[in-house]
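What follows is subunit A paired twice: with subunit B in the first complex and subunit C in the second.
Our next item is the complex of A and B:
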């Protein structure tokens, strides 16, 4: 028997429309301009990450929204506040790890990434922001497999 | 110290050491080098599972070369390293749950002993002043004390339980056999034994209720006389503590440590490393990629601040700074290690 799901029946929301952004080759694309990293770009990197428990994306489950992303390009700082489908979800650490790994791989190395949940006094947040614990977790092959599986759709 | 106050200080990068292929976590200067015509030796350890040994080209040179790469022993990140007081052994603590002891044999280093016992990641290792005891700590919440026996034998004499979380660092007092540990549980614990028995126990806990830190305590360091200790934390502060050194040295391991002051408002990201130089300068390395130097203030009149910021080196590295270490000889050389995979050697200069 498969282990019981933490949230067996999550609410699934519609995906947001994806606005077209200027890309190399477009008439008005200035390849010499420094491209600022904004909320939408961060959202694009993480919207398709798959929930560890469901075949839906974090966007579809509203675990992440564009509004819950704070970016300070000048200070190279990104904070993503995510909302697990159920409060105190034990999957929160895995989701946070996925967010952190995806952004570490997608953004220039100068960026500091801080994923966290809404629950203010939360052990999950402390763990996710302890880079030594994150480094040790990412040396655990089982956890890395789990993270990679969630991240696969976000590279497509 | 008066001199320092009057001087204009500058931290100049003298060399960038490249070779590690992942973040560099820890650094240790060999205490038996860097003086009396012996070129300074620095060890570094990394997420690439190796330890590198760097040696000064000549005693007065500021150029360092990589002399050895210690590999194929640890199977995971090497988190920290420490030289024995004689400089003959190097201990390395790894996420693979082991601590390795290395000795130099000609130009090669060989692993002469592997200390097993912790359940998971070993985070830190420290030798006592005489080199007869070694301490290690781990995410398993325990601190182990090992006795150093002849023939590269290490005997566990005590397993100290008291922290409720991951223990980040262990450090022996520079003159007395009293051990300090700091943790993810936000506290610093002081451990001592009852004279000659091996009955080690916690004699003091410095926590939030006694002016301690409100988040993970990452590191601690002592001044040269051992009557003061500085701690740094994820709560963005550094704190100075002191003790009655006479009673501590007369064998009273229970002598209690007192909060002296908190330096807040200087850091805006986690402070991972703090190190007190022999000369009295406190260096910090933080997640904002900067190095800061502090020293005791001479004029108490202005705002009553006991310590003041001497300088802040912004963008000292491209990424987080995990370790800052002053060379043991007082020549004002500072080494820093970073997530950017490099080590930098700095010279503190006055003009």
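Our next item is the complex of A and C:
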């Protein structure tokens, strides 16, 4: 028998509309201006990650929100605070791992990714901030499959 | 029969009957065709053939017997046009009918019966009966395969269709057999036949028929289970569309009134389902069945129908265009039109409707009332609208019950100043319904003394005052729009029904025009009033209303015309022009009036802007000219023999320029000149050849006198530019009296740096038939200048000749190519010249909006771009390879990039093998100079087109490495975001190429991408993330991070 779901019936929220950004030909487009990496851009990278348990995205479950992202492009610093659907969620590590892997794949290498809070915060953070543990986790084919499954883009 | 024929025939028979795998189906078909041909040409008779086949038809080997019978049956299908003797047919049909009992060889028997039965006149009724009897005794249709079932249904169809008398005599049994045959059918194609069978059956037996009456319930139970048609496996929809099936079922449902006791309850039940598609289907079926079953039978269902209908309309979602509501309203209309009075009474007495109507005075503001109330109001408005528009009687009844109450409700509460929105809304809906009713029946003359008409007349004044009040005193859109709509409807009732008198009509128009002039700040009100005015005008025009026409002329048209010339500056000029031109679109008379005024105003404002550069006049002139270009000229193109307007306009402008000598020169003037040129081009382009000649002569005259005494520089510029515009727009057949002089003028202004003269030169050679000597002369004359202007002129000349398909273009191309190949530049001047020569290929290949297009009467041969592509490509590609001078190389690549990026992709794909290395070389070289960035981008787009095209795959695989290396560099191209973005997209496309080929380059790509992830532009970063993901999944699951 399959193990019971940790949270069998999560609350599902609506997806937010994606705002339109300026493109060349808009009139005041500056070819050489730098567009800093901002909250929304980080959020765009991770909003479509699927929950390990449900066919919903982290955005729809409000596990992550735009406001819970701190980013400082100049100091190459990003901090994503996520809230699992239930406290003491054992899936938190997997979600955190997904976030971490996705951000590592999406951000320039100069960035340092720091995942944020949750009830068993210290334990999770300890696991996620330990580079060797993350690398070791990614050696585990089962875990990598799970992460890849979550990261499969749903909007393409 | 000759022996050879017999042998031949036997051979074919054997081939067909042979069931071993040695013969392909195609071969067997061919032998069948051969036999059919023999029979058709009387080389062999059917009897002797049957005799020849004897053994095959009767053998105990099931497989061979089945093939044999099938052969005979298929043969009969193929010779259906050949007359046969009665005796032959009789014996054949006896044979096949008897064979229906042989289930192992059933296919052949069915095909044979069908082929013979379709020979309508040849079959005796006793034979038909025999087939029918055998069918009834032997066949269990539902136990057969899909194709056999289909044949069975076709046979039944054929029986009903061709032998109704035979079927009639069998009544009960036949109906029973059909019930049994169709029960449980699931295949869409067979179902289509089944539904049709039921429909035919119902038409065959009269309504009083006993057998149908007794079987009606059974038949309907079988049919009803299919409603509503729904595919559980969407794939089945390919063969038979859902709509087609649904329609067939609907026809079957409605085929006999005997179904009524069963179908209406079923449909009503499905209507109450929560599935929207099932609601829509039920309503559709109900509408259709209502018409077919007749009022008498529907009478008992009316009440339940009304309550279901009401429910459906009330609960349907109003926001999106709603199918449920619209189908429900169709049903409502059918029901009302069918019975006189009963159904309308249900509506009139309905508690919900009355309650809502009585509480209308509670809605003070539309936007304040809660959503459900708004929806309820809309629904009731729709119900009353459709019911009143359905028939005169229903309209009268509804007016009698509701109208006076509504109008009283409108004016009851003067304290709150504004009329009640609910009453206003419903009143307007009712008015619209009356108008539809009257317009629909204009061939039937109705009595103007209908109740609704009399009521409308008596309430008209208070209605109008309420409408006007709602427009004036409210800022809510819903209010004002209803008011405007109400007034518009009242003003556009056809003659004898019109409730408004002449003076009231005029008052409405005055009300409207005063809003047009004063209330332009309220955009939505303003434009809805303008729309209403054009609608009223068009209606009067269409109905030739001699009473209202003069009022409209005096109050609206004259006033509008005055607007243009008045100095009153409170109303924005652009709005004035907009309203005037919209009114002009109503008819030719108005348009002519308005054009006259427009011309006058254009001239005055041009005058002012020439003399003192007054910025307001410049703005006015531009608005007017644009209006001319966008609205007036296109409108006149649809009217025959009306090019006088365009001609007059062009001549008028020339007159003015001739008379004016003082010209002011500013930056805004430059824009004005461009707008004037555009309008001039399009005006001249619509003129006839003779008129063009007239304009050309006039412009030539002005131009010549100008050359003699050059008065001022700006005036000179205007004259030359407008003269060029005239040349650009000419028809190919227009007669130019002195082409030589014209050409000289063009060349002179060209060398003085007027780009439009180059356009004119191109158009000249594109259209005007000129001998080779003239072309050669111009060519050699221009070459001598050897400056950038002359090269531009030559480029446009080349484009003109190329588009026309003239052979001389080759000389020009050769000159350009030689210039690029043989020169190695020493100084900057030479570099500039070479660049403009390279760019000439861009001019020749691309489409232009300034000249040489369809609207400006150019001669365009199809495929001219491919032609240039195939001339230039081999020469340039072989020359580039040999080069080592970097500047020349870069210039040649520039030319090549122009040609490639403008050629159709299919042409480039054809040559991809040779072109890919060249393009990559070009991309690298072009990326060295910032100036080339647009060309670089265009070339990269072609490459990405090849990468994403299936036909390019082979070449891509072959050149994978050099492509990736080249694109990797472009990912970091600093000068254009689009180039970087497209480069990353190209890399993504490369990840799909065969794994073994691209895997080795993965580290390089990922390295380039890691830089792109840190790109200053967001969209490049986003593409890079996607691309990285694609390349990551090229290999194993893990990405080295």
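Keep in mind that, in the parts below, the second predicted complex is superposed on the first by the 142 of 156 C-alpha atoms of A that agree within 3 Å, B and C clash if a C-alpha of one lies under 4 Å from a C-alpha of the other, contacts with A are read in each partner's own complex, and residues count from 1 in each chain.
The definition used in the following text is that contacts are C-beta pairs under 8 Å (C-beta built on N, C-alpha and C of every residue); 3 or more make two chains touch, one makes a residue touch a chain.
Quantities reported herein were computed from a predicted structural model and do not represent experimental measurements.
A.B. asks: Putting subunit B and subunit C onto subunit A via the overlay, clash or fit?
C.D. replies: fit
A.B. asks: Answer with first, second, both or neither: which of subunit B and subunit C does A:144 touch in the superposed model?
C.D. replies: It touches subunit C, and subunit B stays clear.
A.B. asks: Which partner, once the models are overlaid, touches more of subunit A's residues, subunit C or subunit B?
C.D. replies: After superposition, C is the partner touching more of subunit A.
A.B. asks: Of the two partner chains, subunit B (first) and subunit C (second), which one does A:136 touch, if any: first, second, both, or neither?
C.D. replies: Touch status of A:136: first partner only.
A.B. asks: So in the superposed three-chain picture, is A:37 touching just subunit B, just subunit C, both, or none of them (first/second/both/neither)?
C.D. replies: It touches subunit C, and subunit B stays clear.
A.B. asks: So in the superposed three-chain picture, is A:67 touching just subunit B, just subunit C, both, or none of them (first/second/both/neither)?
C.D. replies: Neither partner.
A.B. asks: Would you check which partner chain A:112 touches, where first means subunit B only, second means subunit C only, and both and neither mean what they say?
C.D. replies: First partner only, subunit B.
A.B. asks: Just how close are subunit B and subunit C at their nearest CA atoms in the overlay, in Å?
C.D. replies: 6
A.B. asks: Between subunit B and subunit C, which residues of subunit A are contacted by each of them?
C.D. replies: On subunit A, the overlap between the subunit B and subunit C contacts is residues 109-110, 139.
A.B. asks: Which of the residues in subunit A end up touching subunit C in this complex?
C.D. replies: Those residues of subunit A that touch subunit C are 21, 23-24, 31-35, 37, 41, 44-45, 101, 104-110, 138-139, 141, 144-145, 148, 151, 153, 156.
A.B. asks: If you look only at subunit C, which of its residues touch subunit A in the complex?
C.D. replies: Residues 975-978, 1010, 1013-1014, 1016-1019, 1021-1022, 1025-1026, 1028-1029, 1032, 1037-1039, 1041.
A.B. asks: Where on subunit A does subunit B make contact in their complex?
C.D. replies: Residues of subunit A touching subunit B: 109-110, 112, 126, 129-133, 135-136, 139.
A.B. asks: Would you tell me which residues of subunit B are touching subunit A in their complex?
C.D. replies: 23, 47, 76-77, 79, 95, 120-121, 123, 139, 166, 168, 184, 215-216, 234, 269-270, 287, 318-320, 340
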